[in-house]
Amino acid sequence: MAEKTLLKGNIALAQGAIAAGCRYYFGYPITPQNDIPEYLSAELPKIGGTFIQAESELASINMVMGASAAGARVMTSSSGPGISLMQEGMSYMAGSELPALVVNVMRVGPGLGGIAPTQGDYFQATRGGGHGDYFNIVLAPASVQEMFGLAIKAFDLSDKYRNPAMILCDAVLGQMKEPVILEERGAEAPPARPWALTGAKGRKPQFLKTLYLSDGEQEAHNLELKGKYDLLRKEDVLFEGKGLDDSEVVIVAFGTVSRIVKTAIQMAGDEGIRVGLIRPITLFPFPAEVVRRTAKKIRRVLVVEMNTGQMVEDVRLSIEDKVKLRFYGRPGGGIPTPEDVLREIKVTLDEKGF
Amino acid sequence: MAKIIIDRNRCKGCGFCVVACPKDLIRIDKELNIQGYLPAMIADNDNCTGCALCAEVCPDVAIEVYK
Amino acid sequence: MKKVFSRPKSLVDCQTHFCPGCTHGTAHRLVADAIDHFGVREKTIGVSGVGCAVFMYDYFAFDAIEAPHGRAPAVATGIKRVHPDKIVFTYQGDGDLASIGTSEIIHTANRGESITVIFINNTVYGMTGGQMAPTTLLGQKTTTTPYGRNFRNDGYPIRMAEMLATLEGVAYSTRVSMHNAKEVLKAKKAVRKAFEMQIADMGLTFVELLSACHTNWRVKPLEGQKRVEEEMIPYFTLGVFKERKEKDFL
Amino acid sequence: MYYDVIMAGFGGQGIMLMADILALIAMKEGKNVTWMPSYGVEMRGGTANCTVVVSSEEIGSPVTGHPYSAIVMNEPSLLKYEPMVRPKGFLLLNTSLIDPEKTNRKDIDKLLLPANEMAQRLGNSQMANMVAMGAFIEKTKIVSLELAIKLLPEMFPNRPSSFISNNSRAIEKGAEFASNGGDFSV
Amino acid sequence: MAEKTLLKGNIALAQGAIAAGCRYYFGYPITPQNDIPEYLSAELPKIGGTFIQAESELASINMVMGASAAGARVMTSSSGPGISLMQEGMSYMAGSELPALVVNVMRVGPGLGGIAPTQGDYFQATRGGGHGDYFNIVLAPASVQEMFGLAIKAFDLSDKYRNPAMILCDAVLGQMKEPVILEERGAEAPPARPWALTGAKGRKPQFLKTLYLSDGEQEAHNLELKGKYDLLRKEDVLFEGKGLDDSEVVIVAFGTVSRIVKTAIQMAGDEGIRVGLIRPITLFPFPAEVVRRTAKKIRRVLVVEMNTGQMVEDVRLSIEDKVKLRFYGRPGGGIPTPEDVLREIKVTLDEKGF
Amino acid sequence: MKKVFSRPKSLVDCQTHFCPGCTHGTAHRLVADAIDHFGVREKTIGVSGVGCAVFMYDYFAFDAIEAPHGRAPAVATGIKRVHPDKIVFTYQGDGDLASIGTSEIIHTANRGESITVIFINNTVYGMTGGQMAPTTLLGQKTTTTPYGRNFRNDGYPIRMAEMLATLEGVAYSTRVSMHNAKEVLKAKKAVRKAFEMQIADMGLTFVELLSACHTNWRVKPLEGQKRVEEEMIPYFTLGVFKERKEKDFL
Amino acid sequence: MYYDVIMAGFGGQGIMLMADILALIAMKEGKNVTWMPSYGVEMRGGTANCTVVVSSEEIGSPVTGHPYSAIVMNEPSLLKYEPMVRPKGFLLLNTSLIDPEKTNRKDIDKLLLPANEMAQRLGNSQMANMVAMGAFIEKTKIVSLELAIKLLPEMFPNRPSSFISNNSRAIEKGAEFASNGGDFSV
Amino acid sequence: MAKIIIDRNRCKGCGFCVVACPKDLIRIDKELNIQGYLPAMIADNDNCTGCALCAEVCPDVAIEVYK
């Protein structure tokens, strides 16, 4: 087994980005993700990269757009209010089909909010906080190891689809330390970017834009984007499933909550209750198929989130209504304890169908 | 010996060249071009000095100058 | 006879969508002229703001990108940091640069990014129908100052070239006009100088070009040119506000 | 094997470092481990605390509402964390800064450690955290004390050897205190 | 009957705002809603109001926040990119419980997009483009008369719930002229605002904020917000229903599309096909109950939108999965014609159940 | 004996969360002092930026609101336009005002809103852990300039008081310090003057107060005060950059 | 009763005004009406067009892909809108700017109106839109011609009476032309 | 005749008042206050002139001055 290093989630993410070949970072400070820019401000210059502390999140995302347009692997990171400020830029990037990684280490909202762990930005991340018909590719790590690994994966997917990818996590994942295996990045180099702006030398001038004026051109462009999202749903769904065959109830939870749920599942097991888990790793595309299939079999689904109910809509959309669906959520930085979850498991089992 | 050529169909008839010409050799035509504008035309190319001021001032880059 | 004046190679040979007499066309030519002059067409990347000049990519024969409204300097920063050897410029209107994009231009200038900024000051928002711009003159009627711009409600016309000149990162800041041939020739020099200094990597270079927007001023082209001279220039003084001589500054 | 501990005190007492060391040793021993700080929007004031979970299995929640044990280095931490410790759990109190009278729980095991005084006698009251560390490890045996001492040079590559030896000594002294339960001499 | 005036949608909306007692407008130009600021820049000064063209949409929404905090009825308006830039501010306003009207006359996205009619911002409007657990109250007019009337209604709901309200419409509704009856605003004055910042004269100082730091305080605040959204869902759902009892298929469509659908329904009627319509007027809260009830009875639902499928999720969430649900959408400024819709009606009727 | 110095009535009698020696506390007192001095506590509305001073509402005995990071001037504009008779001020750090909020402060100043802006320049982002601010000095190490601020990458320390002084809408722009008693007394006068001019409705008044952030500079309080004097003041010159004398300007 | 028309030409031909008047009369007659312009992001150039729907019932779509009729005032508009008119529909062409040879449809009713020339003879070619308006109303009878003329002063409250009378005359002349199908005299 | 009162528990021990006092009458205490800081204390109130410079410079408004 490769050697392990004890790393903070934010740092592991930053190292994942470097491992993925990212050499450009533009961002603006905000808790609880400041380790990322702080680490990269020290490391990137050493490896020929560029770190700029932008004057704002608006500037960050637009610098990211420029660097991406120029053909670079590039990222930014922020939290709630800052991510909201990036919505115009992210919409432009999706429209111009530009890849990049945007990290959201969530903080409590709405408003300024505290930095307690929360999952209140699920809707914003998966339903497009920006204007127009588009989606972000959204990945939700649940361990420091995944902070590293999914950062790499996010760049790859972003490049594959020429669409911004987002890592959605919370303060627990950002601040927690765990042992990590820092795999060397394999040979899979970033794909060629023939569309990048590099100067029209030996080729025709090319441009990147989002405004199409000829009859039907814009509609065609939007349908092409939709085609990419359909392909994503088909080809690049990621999830972790446990005990999906013989459980009495299956829990759907992502990120930090899935960890708490695992403890609860063990506690339930100790009491002789068999509980399964589906942990979506891609939030968009949502693992609808496995949720549907599992729910059909197990008939009882419990969704746990650190918000007032957001991913539960995607679960609802995936399952038949004969399935019993229960939601348990704590918003505003309230963290469900394993005991809370165990209680909810029992309620789910006790309740009659709808 | 100099001359200018005004691209009649590219011209939008703003009249800047008319004013710019120090020798007053350009005027606005009476017939619409395909764009629907009354374009500029060189009234007297023989006296053109090729100073190119008309061309410099043309926002539509509709004038070429020869010398 | 030899052709002594023709369309720059960096300027695509096509009709523009600009209104008759709109000096956006002139400014485009001056940029293309400078790019040709320094032979850098194959390493130039243009960044357009949103405004009447958003279709830049249709008119220039080099790479280009459309930035969100006001954010061209940030987009240009991203590009230039990836390609320090390329020539990068933004092309922005007064709504784009002096209003919504204030923060981006100031900090890009303050960082001294080696880019060139072409700033078209026509005192109104052209593309959206003639609303007030930060540069609208006092008393000037626009579609959102129907009683004329009043400083108690609407503030003052802002002078960007002067303000930016106060920033260390700026290598060159100048204001020129395009309302007659003489001024166009000066403007041409200024634009060339701006690109020349970018090529020498001296910091941010900024050229403010006064322009009429006849359509939204609701005047004939020649009247518009006159108003530039008689009303704009007295407030927006022409001149060079900063010109760095040395590369190794500070 | 599963064990969790909350360590708490005020900023400057070296709580995070203590937690760091524990987590690192656990990792070196091939165990799974999580290290989870909690901190506010504000830079300073208030308590610093960190939860460490050590387990031979995959670790679920890195957050715990009912830890097996707690190390409390000042009074506000005692008030906050003593009630959370599980019945039959373990509480290490820094009696240099906490009046032992203030504890309430009867159903848990307690170690009353005058960490600052011991550290002071060792030459530097800043090492109170190391003393506590040593005592905690000795008492709970969740990681190897030897390894803790052996790893010090690796953990502080830029510190002089006197620093390492002082800290080793602090850990040892803490451990000694724990093993002979109450008395200490330097 | 009161006298009718022929008015553009944008102007009717502006007049509705004035009728509602709104005297403060802060906004930044963007097509296709410029008539609103242009009209108000001329009218507000005449009636003692204030019009400011802000330097950006960020400034607009924050001026709105200030004026609302000061106790005024206040509004802004914009379109796609500008609305995206307001997401941080809107999140703060929801968090600080401040009322205001935000108008989004949609344009095509993602990115700059054209100004053709579209409904691509449905997700952003109803799922919160800003960060955190909150919702906007969203109203969707379908006629110039409603541009007027719903502007008033939006202010009232916004005040009732101390939450931002949004009018979501498109270029057709903004640019179209129709006869309007400009009702006098009744006696229903804006409610008292004891929470407003007016200077601490004769009372304790008070403040407005979104950051709660004491244990559990933020969670309680978020649950209180949730309580308001639950109440909204119970008390203030608005929709128009037609032929919900005896149709063969029911269409769900809002705004401009509902108009096109009405023509299609007539065409279908001419061919002997009975088609019903549910037109959500409040998009949040969504009229889930009537959709559920009607779908249960009619069994065939067709959703038509000018996007690649957004409101259809809310419909899906409202109905049983035994109901046959079909979606027809055109994105990017493509307008479904009545003929298109008629065709889709027939397909929906032909198709077998799932 | 008579009490000759005590806590201003506008300042709540409670412990602040500021670090030892942090002159945010001093600045708070100076604001409260001015409000008391002019007897306007019952008509004052404060707007806090986001930064270490975000909890203003806990410390001041008048109405207050928390604005999004950088947007305090816009929020204040909204308030002042609704209540032209009230005293409205913003309180902002250098990250808040000179970085993310650049656009808002410039345009609010340019509109000449009758508000007072209290600007705390401590060369770093205090609340978030000592990252570079636009005002960070060249060579200064921060958590995001670990090798020291380098103008080629990070730009130059920006001088807000001077830049704002160039705008017509600004009635008063000054820079003061709080690093010793003499300077605090001058700062007190400046803050009073700023509110006095607001009461006279003369335009925007701006007071930049130099401050240490000992915690993030990683120095003891008294060392911090010394650094303000020896390192900040030479770059951030103290003085009045603009003071309008007449109400009826322009 | 339901009727729809697309009016099209270039900016400056008064297309919107023409549509405005039609919509206004319809409203005054108690009918339902919608007026729907289409315009691009760009300020100028290209065609200006406006769809007016008049109906005694509630109007569904204000947008129409197959109008009953079209008024085309210049050639690009002919190319774009002629194909859309429904079979048996009606097309009014401004032959002053359109070569009638360019029309293709055989299945629709056409009126060839030299609108600019007629307006010029009436003293101002700017009134071509009013001429077309008159002809269109006379031909289709979807609103009352009298009312159109009667409402002019109300529609242009700030214009001199000569303006009103000239425009009335233009409308009348257009109507005359339509009713005696082809010939005109002033 | 003048004196100052330092609120021992409000003080954070920054030492500004110590430096500010022109007569050098203030010093830092050796015992922690409830906040955990070593607070300032007046060592010699008899010579206090009531100049209030200590109070002006105190960021925590922990000093009152009487005259």
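Order as written gives the chain letters A, B, C, D, E, F, G and H; numbering starts at 1 within each chain.
One rule holds for everything that comes next: contacts are C-beta pairs under 8 Å (C-beta built on N, C-alpha and C of every residue); 3 or more make two chains touch, one makes a residue touch a chain.
All values derive from a computational prediction rather than experimental measurement.
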### Query
Using each chain's Cα centroid, which is most distant from the centroid of chain H?
G
### Summary
More contacting C-beta pairs: A-F or B-C? The answer is B-C
### Task
Give, as an integer number of Å, the spacing between the C-alpha centres of chain H and chain B.
84
### Query
Which integer distance in Å separates the CA centroid of chain D from that of chain H?
38
### Task
Mind checking the centre-to-centre distance between chain C and chain E? Centres are C-alpha means, answer in whole Å.
38
### Query
From the C-alpha centre of chain A to that of chain E, how far is it in Å?
29
### Task
Please list all residues of chain C that touch 2 or more other chains.
19, 54, 66, 68, 99-100, 102-103, 106-107, 111, 127, 129, 134, 153-154
### Task
Give me the residues of chain A that touch two or more other chains.
31, 50, 52, 55-56, 58, 81, 88, 92, 96, 111-112, 114, 209-211, 213
### Query
Okay, in this complex, where on chain E does chain G touch?
4, 6, 31, 114-115, 117, 172, 175-179, 256, 259-266, 335, 337-339
### Query
Taking the complex as given, what residues does chain B use to touch chain C?
1-3, 10, 12-16, 19-20, 35, 37, 50, 52-61, 63-67
### Query
In their complex, what parts of chain E are in touch with chain C?
28-31, 34, 37-38, 41-42, 45, 50-53, 55-57, 81, 111-112
### chain E partner contacts - residues on chain G that touch it in the complex
20, 23-24, 27, 32-37, 39-41, 58-63, 65-66
### Task
Name, in rising order, each residue of chain F that touches chain E in their complex.
41-45, 47, 54, 57, 60-68, 71, 74-83, 86, 103-104, 106-107, 111
